[in-house]
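Remarks on the structure that follows.
As written, the chains take the letters A, B and C, and residue 1 is the first residue of each chain.
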Amino acid sequence: MKNMKNIIFEHDKKIGFIILNRPKQRNALSLELMDELDNILDKISDNRDIHVLVIKGKGPAFCAGHNINELVGEKYNINHFRNIFYKCSKIMQKIHKIPQPVIAQVHGAALAAGCQLVAACDLAIADEKTKFSTPGVKIGLFCSTPMVPLTRVIGRRNALDMLLTGRFISASEALKFGLINKMVNTRILNSETQKYAEDIAQYSLKVLEYGKKNFYKQIEMEEKKAYDIAKEAIAKNCLFKDAQEGMKAFLEKRKPIWTDQ
Amino acid sequence: MKNMKNIIFEHDKKIGFIILNRPKQRNALSLELMDELDNILDKISDNRDIHVLVIKGKGPAFCAGHNINELVGEKYNINHFRNIFYKCSKIMQKIHKIPQPVIAQVHGAALAAGCQLVAACDLAIADEKTKFSTPGVKIGLFCSTPMVPLTRVIGRRNALDMLLTGRFISASEALKFGLINKMVNTRILNSETQKYAEDIAQYSLKVLEYGKKNFYKQIEMEEKKAYDIAKEAIAKNCLFKDAQEGMKAFLEKRKPIWTDQ
Amino acid sequence: MKNMKNIIFEHDKKIGFIILNRPKQRNALSLELMDELDNILDKISDNRDIHVLVIKGKGPAFCAGHNINELVGEKYNINHFRNIFYKCSKIMQKIHKIPQPVIAQVHGAALAAGCQLVAACDLAIADEKTKFSTPGVKIGLFCSTPMVPLTRVIGRRNALDMLLTGRFISASEALKFGLINKMVNTRILNSETQKYAEDIAQYSLKVLEYGKKNFYKQIEMEEKKAYDIAKEAIAKNCLFKDAQEGMKAFLEKRKPIWTDQ
């Protein structure tokens, strides 16, 4: 996790923090930043001491989207554009695949691919002053990739409104739409995110990983198939050491001791 | 409908009531209770005098989930666990398959498989003091089966929040998330549920059954296929005696007389 | 666009207006009206000067659904009913297929197929006094076709409540359920709809069309496949003249000049 120029990584107890660190560019997702993000996600994925990952941004905004300088100009061809958007899509999907639940800690602005990043995380908490937008339509570049997780999180009606108008929505609209789980005052954004992460980080990573994996597996299936996956998954889960320990501890009214098994 | 130890069944006019009756165990879904529930659902399914089914619980809580004593211990193997969760999944899916719309009347607490039962019913009304939770993660047993209907009812964002934190949500959050349709004061929970059931029970069971069946058939299809199902269904519905009678009565400004045909 | 008896079409700047014009029948979707609607949608689809389409109704109600006189009577057979509902379903699906975003401007009442029309439009704005309902169950004819877009817009819980009870919901419930995007005072319904349409009509039709098409393509796919579609779509979008112009204009802080290319 060395030699990163665009990202800071911190690890405190069981919580990992990815801090987007291009504050002057409002953390625009340059190719270089995306490579670092992709790389750090792989490393976090293999680290059993991290139970929860928080993604946040340095400076005035969470993330303003792609680096527009990498998108405009006659010198660029389709392969260049594919490189950018294929890479970005891969990262967004990787967020669902790592074992750890991922919380977006959002402030300032989350625009275009920045808004996509919020939607792609498992959970999101935001400063009450945050503005969210998928404004691509304004510059002739429809937010086609952001719409993928956005639609799946907030539903088609509100997603189409955001995508077709490109307007800013407030944090309270984002909360109402279900784009974020919590909205808090600027002053307590860090502490509330910490609490949110700790609430989850206290649990067995083995169980969090298993639950998250099956969640995304079943979510897009027909209900019957989803049940087929889920009933077998929970039956097997009963045999986990952490499940037997957790249930015993519950009956004995004591705290469980997890072994990640 | 005899010899049931864990369930009370009542039938008043066109409304059936299943009352979970293990109040001391907060109506935990023991294997025995599940067998009785499965059996009574089959019988209700065949009873054309019941137009709406209400599921409620006796004692301090609607349902606290599975019987944890049937889940903990080295004596149990995978087949035992499969037996429990396969049975439970079958019952939850049967709720969608019976002809009658099913209303969950919820009070106290709806936890884990109890929360699943709320999500699996077609409709839900709750006492404003009810707490809902999918707390499996806390005891190392992720709520993988509850998440199936939960996700489909409240969407991925709020479902992940509940599943990963295991926290209690209030009835008003449940209403906001769309987990319940109505929230009422404790004092009027019974009477409001009665009204809700009567509103629906006055209609032709033939039509309710047809609508419910097609609802669940089309819901997970691509929109084009869903329309293909639905347009043929409604064309055929026009030929039902109850449809012709219903429309004539409407034009003649009188009450229709249903024949369940 | 001549010889229409049941529809008025207006075109002002970049906005098209379809005005349902059977006020005495509360704009019921008679076979004749549906044929005209189908026809005008085809013509709008080919008109690159129309960037946004508004659908509204003349008289006291937006639309009261199908023409009940065409549904009741022993003279009608299955082919007659198929003709009605196949035609209606085709029109509703065409709304998703035309290049222009479509806004339902709703007032008074939107019932049965009228409520379906609201759900089938891309966006919806309503007078705060509007009542919405899928009341088919009351007359023995379950709203099977309306439920297709309704379920996809408001989710299964609220859709089942509307479908099984047939009750009226208020505009504020419709807003909460996500059936409409905006609720406004009667007095400003026209002007707010105009603003809403203009906000979108200012953009490149090429880009709106592309975005809308990909939106509906990806929405019902698994997330992985949706990303595959979307990442390729946005890479290609970068090569549009309107995208390069839009991004350049953004960097140069000037208004873009669209060429629909």
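Here is the rule we go by: a residue touches a chain if its C-beta (ideal position, glycine included) is under 8 Å from a C-beta of that chain, and two chains touch if they have at least 3 such contacts.
This is a predicted model, so every value here is computed, not measured.
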Q: Quote the value, from 0 to 180 degrees and to the nearest 5, of the angle by which the CA atoms of chain A must be rotated to coincide with those of chain C.
A: 120
Q. Taking all residue numbers at the chain B to chain C contact, is the shared part over half or under half, that is, same or different?
A. different
Q: Starting from the mean Cα coordinates of chain B and chain C, work out the distance between those two points in Å.
A: 32
Q: Name the residues of chain A that each touch 2 or more other chains.
A: 152, 155
Q.
Residue numbers of chain C touching chain A in their complex, please.
A. 101, 122-124, 152-155, 178-181, 196, 199-200, 203-204, 207-208, 210-212, 214-215, 218-219, 222-224, 226-227, 230-240, 242-251, 256, 258
Q) Which chain A residues qualify as touching chain C in the complex? A) 68-69, 71-74, 76, 78, 81-82, 84-86, 88-89, 92-93, 96, 136-145, 147-149, 151-152, 155-161, 163-167, 216, 220
